[in-house]
Amino acid sequence: MKNRKLTHIDTTGNPAMVDVSEKAITRRTARAQAIVHVGSEIMAQIDQQELQTKKGPVFQTAILAGIMGAKKTSDLIPLCHPLGLEDCSVEIKAEGENIVITSTATLSAKTGVEMEALTAATVAALTVYDMCKAMSHHIVIREVRLLEKTGGKKDFKF
Amino acid sequence: MKNRKLTHIDTTGNPAMVDVSEKAITRRTARAQAIVHVGSEIMAQIDQQELQTKKGPVFQTAILAGIMGAKKTSDLIPLCHPLGLEDCSVEIKAEGENIVITSTATLSAKTGVEMEALTAATVAALTVYDMCKAMSHHIVIREVRLLEKTGGKKDFKF
Amino acid sequence: MKNRKLTHIDTTGNPAMVDVSEKAITRRTARAQAIVHVGSEIMAQIDQQELQTKKGPVFQTAILAGIMGAKKTSDLIPLCHPLGLEDCSVEIKAEGENIVITSTATLSAKTGVEMEALTAATVAALTVYDMCKAMSHHIVIREVRLLEKTGGKKDFKF
Amino acid sequence: MKNRKLTHIDTTGNPAMVDVSEKAITRRTARAQAIVHVGSEIMAQIDQQELQTKKGPVFQTAILAGIMGAKKTSDLIPLCHPLGLEDCSVEIKAEGENIVITSTATLSAKTGVEMEALTAATVAALTVYDMCKAMSHHIVIREVRLLEKTGGKKDFKF
Amino acid sequence: MKNRKLTHIDTTGNPAMVDVSEKAITRRTARAQAIVHVGSEIMAQIDQQELQTKKGPVFQTAILAGIMGAKKTSDLIPLCHPLGLEDCSVEIKAEGENIVITSTATLSAKTGVEMEALTAATVAALTVYDMCKAMSHHIVIREVRLLEKTGGKKDFKF
Amino acid sequence: MKNRKLTHIDTTGNPAMVDVSEKAITRRTARAQAIVHVGSEIMAQIDQQELQTKKGPVFQTAILAGIMGAKKTSDLIPLCHPLGLEDCSVEIKAEGENIVITSTATLSAKTGVEMEALTAATVAALTVYDMCKAMSHHIVIREVRLLEKTGGKKDFKF
């Protein structure tokens, strides 16, 4: 039951970083997903301007925002360790009324990169929101989740 | 149908900021929400260590991360205008197996603060994830949405 | 001859910000340019992959990098005032063996936005370099210059 | 006794920004000081390499770090409002075994700039420490204090 | 007497980073301290709202600000190397009229982490100042110092 | 012809980071240059206030801005990997009507540091511009180029 406690809280009840200085460096990967429900009207617009070219500005802007956001993870999440990502990718596709964002993060490090993958997906999702919000504020980001991670004590698959 | 287009794409199909230089300064507010489904096991842990004191470290860390994240909105979202927030708040409460995060942002400005409110809620949600992930990676952030905004061309309520 | 001195050096010879607190707020614009000489081989590649779609990834990435870079101007240039840009645009086109980047910055403020426009153009140019450097390191960024500015004591046109 | 409470804690006991959205914009100034005790050996070195030119590298680097640090105040202090400084200056002089740093910050805003002045002085002090630490780690930063502020509800002078 | 010179100044008298590229990676630790004199009135307030819960908002906010500040050290101190901290902790306790902040930083690296520990303590101290300043501006940060460091050419203990 | 493609574009035509996770760590160096044409009037001013002391404020400020800018490279260039520089230097000299900036960057890493060297030179050039622009806006940054790099698949010399 060792990993059943709140690791970021020290014995005095205060927030704390997790000390990873004695851990081994292993190759870490993580994959995360965010689904943005934009509705049929926005999707129709995106279809016309965007999917036509397969790499139009909304998706490309969101991809870049996600990658750049992943590099800022330890700036955003107070107790995250600063990590020098060796790879990060964001893929976006339209599915029905949803925009589905998948991100990956890779690094040889003493700690995992799941927060980097989750941050990439989330910032990409917020960027889609920002670029489409003039058409509707009924956009909802739903199901930001970790899909998979490898390289730590225990691999994970949702 | 004027606001039915992708405002962040210029006539050549490239990403573009929206020019707000000629707009009037008005008082803007926005309120957003993120729901983090943590499941019963994590909630039991949080109950013991956290709710007991009403302001324990997970919630407080997430609140601060959300407020600090809101101040970084224009760093994260490529086409957002930099805005000097005059108020930002984040509230977090436990509801069943969910942690419900509500954020507000306020500013007198030429453009709205909905992305700031959404970023606050989202970064707070990612921070909850980070601090609880040692217990489970089955956490899912869902229903990040704008609840309300005032002060622009048209008020909005979800 | 008042503006013929090094304004960023104080009477003791040390670097100093310029005090703009007593100046009036006026609408400021600036337009800058950077030319990136990439050579014929890279241009051929770009032609195939890029111009075909009119908004392909190299130019779009550079446009976004330029806009985001402009928002970081006061982080980069030690004595620049932090300014909340109200508009910033970057346009890129291919001309012979050159990629020509034009940027604009707009703001109602107590000081000019020429450094923001120059930073936008320069960061966009560095991004073009980064994305093309696997093909050649003989790329040269040249002729980064201010094209025009309005709204200060004296308008300028190169 | 209104200002005798912890303004950054809300009614539920959680950290909170202070809402300044309804306050009037007034011209704010603040002046702060940090004293760095470096001891006689370092001071002798500094004398030879530094004071001789009146603007040598340790002091100039610290001045610039202080000014740039002031621009990052709201990034560093969780509940500070982001403010666009209109002036910031740092002066440094040697006095006996101490290096005395004085900073000012100026802005027309809805809230005061004392944290900006204090951050400028403190970051300058840390920079002096960094540049001299190869000679001794017995350096002590002491007496970081606000000297004066104007423009808010009540002027202050230490 | 090799380490008796100003290492951050090159042979032409200009500021310079120290080249650590040929140094060996060793495990580095540093511990620093900042003392904030808040006076009896503030301490009485803090006692009521804060110590009662052992982890109330002022101390927790300052702890988080210190840890996040440590991650920004190389952004703040011009000639510091960027380092990916593997652990950083901040502890705060009340002693008489003082708030005593102790920080640690840990990393396997080619250079020491004393500036990270000092920055953590200093930013935590500034945050305490910010959160208490509505009660008094007579707060003084004093005695920011390095307590100990290990892992470099020579261990240090104050 | 393997390195003749646009490495930062994936098979779907979207921008992508280059995955370096499987590459070996080698010692990388890069050297870059920026030339700033300031004209005879500014050069006369600089001569009087600056070269006289050999390390006056314009050059020193630009040197520091360049070094600090290099540390921000991966924040500025969207698809750059975050790298923890082990050395970075900037040298500036006056030559006729030009200011010649040379930068170096050094690191043991899985990828090269040419963008860091180029960013250092460019940000230093922008800083020279900023500090001299009150005298003339006819300043032109020209010939930002990579001079040399070592440690990757193939060394390069311009």
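Here the chain labels run A, B, C, D, E and F in written order, and each chain numbers its own residues starting at 1.
The definition used in the following text is that a contact is a pair of C-beta atoms (placed from the backbone, for glycine too) under 8 Å apart; a residue touches a chain by one contact, two chains touch by 3 or more.
Chain identities (UniProt): A, B, C, D, E, F = Cyclic pyranopterin monophosphate synthase MoaC.
Everything quoted here is computed from the prediction, not taken from an experiment.
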*Expressed in steps between touching chains, what is the minimal separation of subunit B and subunit C?*
1
*Quick one: which chains contact subunit E and subunit F both?*
A, D
*asked:* Fitting on CA atoms only, what is the rotation between the copies subunit B and subunit D? Please report it in degrees, nearest 5.
replied: 120
*asked:* Measuring between Cα centroids, what's the chain most distant from subunit C?
replied: E
_More than half overlap in residue numbers between the two sides of the subunit C-subunit D interface, or less? Answer same or different._
different
_Quick check: how many Å separate the C-alpha centres of subunit A and subunit E?_
31
*When the C-alpha atoms of subunit A and subunit B are each averaged to a single point, how far apart are the two points in Å?*
15
*Which integer distance in Å separates the CA centroid of subunit C from that of subunit E?*
36
*Of all the residues in subunit F, which ones touch at least 2 other chains?*
13-15, 53, 55-57, 60-61, 64, 68, 72, 75, 78-79, 84
*Chain touch graph shape: choose line, ring, star, complete or other and state it.*
other
*Looking at the whole structure, which two-chain pairs count as touching?*
A-B, A-C, A-E, A-F, B-C, B-D, B-E, C-D, C-F, D-E, D-F, E-F
*In their complex, what parts of subunit D are in touch with subunit F?*
53, 55-57, 60-61, 64, 68
_Contact footprint of subunit A on subunit B as seen in their complex_ = 3-9, 13-15, 41, 45-46, 49, 53, 56-58, 60-61, 64-65, 68-69, 72, 75-80, 114-115, 118-119, 122-123, 125-127, 129-135, 137-146, 149, 156, 158
*In the complex with subunit D, residue positions of subunit C that touch it*: 10, 12-21, 74-75, 78-79, 81-84, 110
*asked:* Under the stated contact criterion, what part of subunit C meets subunit B in this complex?
replied: 27, 54-55, 59-60, 63-64, 67-68, 71-72, 84-89, 91, 106-108
